[in-house]
Amino acid sequence: MEINIEGRSATVDEVSRDGNIITMKVDNELYEVDALRVAEGIYSIIYKGRSYNIEMIADSTARHYTVNSWYNTYKVEIIDAQTRYKLSREKGSHTDEGKVILSPMPGKVVKILVAEGDQVEAGQTLIIISAMKMESEFKARVSGVIKNVSVTEGETVDANRELIVIE
Amino acid sequence: MEINIEGRSATVDEVSRDGNIITMKVDNELYEVDALRVAEGIYSIIYKGRSYNIEMIADSTARHYTVNSWYNTYKVEIIDAQTRYKLSREKGSHTDEGKVILSPMPGKVVKILVAEGDQVEAGQTLIIISAMKMESEFKARVSGVIKNVSVTEGETVDANRELIVIE
Amino acid sequence: MIRKVLVANRGEIAVRIMRSCREMGIRTVAVYSEADRASMHVRYADQAYCIGPAPSVESYLNIDNIIEAAKASNADAIHPGYGFLSENAEFSDRCDREGIIFIGPNSHAIRMMGDKITARKTMMAAGVPVVPGTVDKIHDEEEALKIIAEIGVPVMIKATAGGGGKGMRLVKHADDIISSLRMAQSEARNAFGDDSVYIEKYIQSPHHIEFQILADKLGNTIHLFERECSVQRRHQKVIEETPSPLLTEAIRNEMGQHAVAAAKAAGYYGAGTIEFIVDDNLNYYFLEMNTRLQVEHPITERVVGIDLVKEMIGIANGDPLPYKQGDLKQNGHAIECRIYAEDPDNNFMPSPGTIQHITEPLGLGVRHDGYVYEGYTIPIHYDPMISKLIVWAKTRQEAINRMSRALHEYKITGVKTSIRFLARIMETPDFVSGNYNTHFIEKNLDFLMQEPECDGQCEDIALIAAYLDYTRKLAKVSTNGTTQKAVSRWKDVR
Amino acid sequence: MIRKVLVANRGEIAVRIMRSCREMGIRTVAVYSEADRASMHVRYADQAYCIGPAPSVESYLNIDNIIEAAKASNADAIHPGYGFLSENAEFSDRCDREGIIFIGPNSHAIRMMGDKITARKTMMAAGVPVVPGTVDKIHDEEEALKIIAEIGVPVMIKATAGGGGKGMRLVKHADDIISSLRMAQSEARNAFGDDSVYIEKYIQSPHHIEFQILADKLGNTIHLFERECSVQRRHQKVIEETPSPLLTEAIRNEMGQHAVAAAKAAGYYGAGTIEFIVDDNLNYYFLEMNTRLQVEHPITERVVGIDLVKEMIGIANGDPLPYKQGDLKQNGHAIECRIYAEDPDNNFMPSPGTIQHITEPLGLGVRHDGYVYEGYTIPIHYDPMISKLIVWAKTRQEAINRMSRALHEYKITGVKTSIRFLARIMETPDFVSGNYNTHFIEKNLDFLMQEPECDGQCEDIALIAAYLDYTRKLAKVSTNGTTQKAVSRWKDVR
């Protein structure tokens, strides 16, 4: 499995497993670790006498994590086969080109500033979402025509919900 | 369902349920409660504006509870049809007559003082179990002959494990 | 004699108020919006009433519904907490009319301190220093020159109708007064159609330092020393500490006396806070008065040893203050960190969601005031504050070390939080040396956002953990049997 | 200079020690038995080494394995906590020989205080009062009469070979001395084949009060006042508080000076405790010295404001004590409750098991030192203590109210605990009035075990909760589809 950590891309594979004792290969390094999941998202890993209490905070998508140990914090992204396939499909559509505005958090649609068919410029504010007493403006990353407005004012949206599509 | 609470036997039945709003009948009293399970064994119940944060501590068997609210503690025993059937079967065998010595807690068998075939008197110590630095002696509640010793010294036992059977 | 208190609030402050009520043998009533049925304050209270839909205006700001709940529950007093209706004079009046004790000041004091100009004039009359300058617009260039000659440069020229930095000019040298004035007026005219401007002393390196006061209904007023609140992000306090590393004992006493005078001038009773702006030379000026309990009140409680909520209830009962100024002293050092559900790596975007796991920091010198629990979903409708972490130690340095330790112990999964950002502040040299002002976060942003150094091994361990958690998730959602069985057989501890 | 500490212990005390190490920037090493892989101290430490199978003798008491882990991890010091090897002179010696700093006293002091007769003689020589009587057996009736005339009735005559109350006689009147002596001797001869007896002053209404001391390697010794430990069940402390409600200021000072003298007489350095037995008339007698950190040390930390573990590490480093006796004072009141996994309703039978849910008490004045977490299985092999709940308040009455509040907040499901029993003690008139001795639990057992009064409604709500939980459990285990679907569709919050 390919995993990115703070810009480094590593290959992580499981070699063998015997109860909590797991042998892993990270790039060319072999690690025999004693690993326990002690709670949801909390792992205790002992490697060569060093104890790591690792906290995994899932990001908005299942394959993005913030990983905390006692002394460090990392941004981690999983790139497995399944994900790579999904990624390629997404590339084929429009996500990575900034044409779909997704809600990065749950919130409430306060104001929609454009309608279907409108011509918009990159940098123009399209929609305002409010969550926890804070309003966030979402701007067009590309210029184009509004193809679809998927939400209505006053509506409550989940994280990663499609809000507006530009064509 | 029949439930005993601190010596009182009550009939508890569900009349209707709509989301968290549940109508229950306890003996002849109707209760429309707003009930949420907020964590394992923790219930929040609002009835006529009173808020009850109830903690259910399962006893050694599934149908025995210690129930704590802010101001009170109760011992509760469920007597449902299934239980009643099991109870009658158990009655038919030997449990309720004190002929089976069960371990009331997880622990380690420190010493077994009798062997199969031994004649024992009521009150005689049969076995010593240790848990958490404390040793507990278990005595015969009836006189009889040891029919079976189900454990060995040094063995670790779970709660409710059969230890010794007297005939 | 108060026997039952309705808490017109939610979250950590509602629970915190109920804790003190419990200790006093006072019954508690929670009110909650439809989004808050599972919230801790509802579970903690003796009674609970739903007061409307999720949006605050329909529930926690709905005076009629709250009064109705107070009557239905026979509550004889209402504690408003902070935010929501806590500084609403109309609500205080309404409680009076309904015969319910409002645990806070009377509406007159709320109104007087709520109006910026009245508050300023009251303070000037009471001899409390205010930021030098004009309140009303200046009439001509002569007046401007005269005023600036009095208060000295640097000054800010601000548009009366202003906002967003428009029509605002900083004047550093006396030579620039006339040109700056004209430019500000011209900009103001263009932006607001009104060229009125006023002049205010510009405070370089401003510190935000506030004094806690307590006043009873019999005319006794004391202060409980200061709180240093200069660590702010976008005018939101992030970290508070007491004592302030900036103040000297002499200035502290002087400011304390002014704080007491300020409260007396407002005819104030209850718990309140006098906010000052302080420059590097320890010149201090009254900024505003908060006529309520503050978010950061626990650091004062810890250092002075007094439960402020209990004192508020005693005052509301009409009791005399049990302490005189001379009885109080600052013992040791306390720091508070506010833990928010937000993503510091993504412009501090709010991060509501469901708490999957929480490990709360414990041990010597640690107080944790929170309200979330495992399985609780933080609603999108309210403030993103999850909890407040307060530590105490004999010295400031030990308190910083203890806060670092506590922040590292504090683990929440399910939502993103500011915990790591706060931990980084504890390591920032300017914070450690106590040499900071309200520009602290801005000034140290590079350091605060910098990724810590790390050897390859701990990075690899993080990769292994990510692998384990991700494959476990895949195995859980997998329904087509293609996922390798070994994963699901992996023995969990729980 | 200590840079890395191996903690030769487990449970809450291991975590508590590591917390102070973290705050000092000292790295930590955990050791664990095979039963403790998932235990919090293993997760908390920087390094972790397995030292053997579950039974203590093979792991936490295994000196060779612990020393090996210390060497493998390059730890330069070992903190033994309490229990296990903490008062083992051989272990202290072994650390010395291996060049590892033992964070505790030298083996000489451990040995001296570990032997009852040596300790008694040392104390007598230092002028510290001991329980009047003989240590060696008495030789004839004349001697008995003479000794009892000196120390006064009541006295206890005890068999030298004694135990289990055999050969023991309480003498209340001088007239009964000879007859009681003969009966005790006869009983001792029959029971042990040895009629040797000795005589000790009988302490009516005994109080167990101990003094915390700190001594550095440079000869400075201070005391940190007392802890009242009279609430005991079967000689196990259950609740401790400080200050003691029994002592006067004069007696406190006197006992404190004796405690310092006692430590000096033993050539002691480190943290230690001098235990006294005190009668209702405030006569006090040295009982024994504990040459380690005590379970109940946090109440002293809270009232005096000193981190004892940090002081122990400083002393082990050879640093002079940073405080003089005159710097210390008792501030407010602290109470500790020990939370055990046990069933008070079933003769306090241990209750190991898996923690399903835990809500820890929080808020103003509450310290909670624990180590269990949700999903953690408490092993059967070790002490049943789950955690220690410590509260502080300005007054004793407020501390009692706060402890009640905290105990009621504290919710653990999955195992049975002593929480409700402790809450009941907080309501017991003898405890509330501070009028208690070591017979407290025995004397108040009826009150403590009595079920509280309750109206029918809250009983019915409990029945409803039981119904809901039980039907939910049935639905979960049901595989044959006979259970009604409505149950499993019931919406949970989490």
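Observations on the model:
Residue numbering begins at 1 within each chain, and the chains themselves are lettered A, B, C and D in the order written.
By definition in this document, a residue touches a chain if its C-beta (ideal position, glycine included) is under 8 Å from a C-beta of that chain, and two chains touch if they have at least 3 such contacts.
Remember, it's a predicted structure, so these values are computed and weren't measured experimentally.
Chain pairs A-D and A-C differ in how many C-beta pairs they share in contact, with the greater number at A-C. Taking each chain's centre as the average of its CA atoms, chain A and chain B sit 47 Å apart.
Inter-chain centre distance (chain A to chain C, centres taken as mean C-alpha positions): 31 Å.
Of all residues in chain B, those touching 2 or more other chains are 20, 36, 38-39, 70, listed in ascending order. The residues of chain D that reach two or more other chains are 38, 359, 373-376, 408, 493-494, listed in rising order. Pairwise chain contacts present here: A-C, A-D, B-C, B-D, C-D [touch as defined].
Those residues of chain A whose C-beta lies close enough to touch chain D in the complex are 20, 34, 36, 38-39, 44, 46, 49-51, 53, 70. On the chain D side of its complex with chain B, the touching residues are 341-342, 345-346, 349-353, 356-357, 359, 374, 380-384, 408, 411-416, 420, 451-452, 454, 457-474, 486, 490-494. Against chain C, the residues of chain A that register as touching in their complex are 1, 3, 5-6, 8, 10, 12, 14, 17, 19-20, 22, 24, 26, 29, 31, 33, 35-43, 45, 47, 52, 54-59, 62-63, 65-76, 78, 80, 82, 104-108, 131-134, 136, 156, 159.
Listing the residues of chain C that touch chain D in their complex gives 15-16, 19-20, 22-25, 38, 298, 301, 305-307, 331-332, 354, 359-360, 362-370, 373-377, 393-394, 398, 401-402, 404-405, 408-409, 493-494. Note for the complex: chain C touches chain B at residues 30, 37-38, 42-49, 72-73, 373-376.
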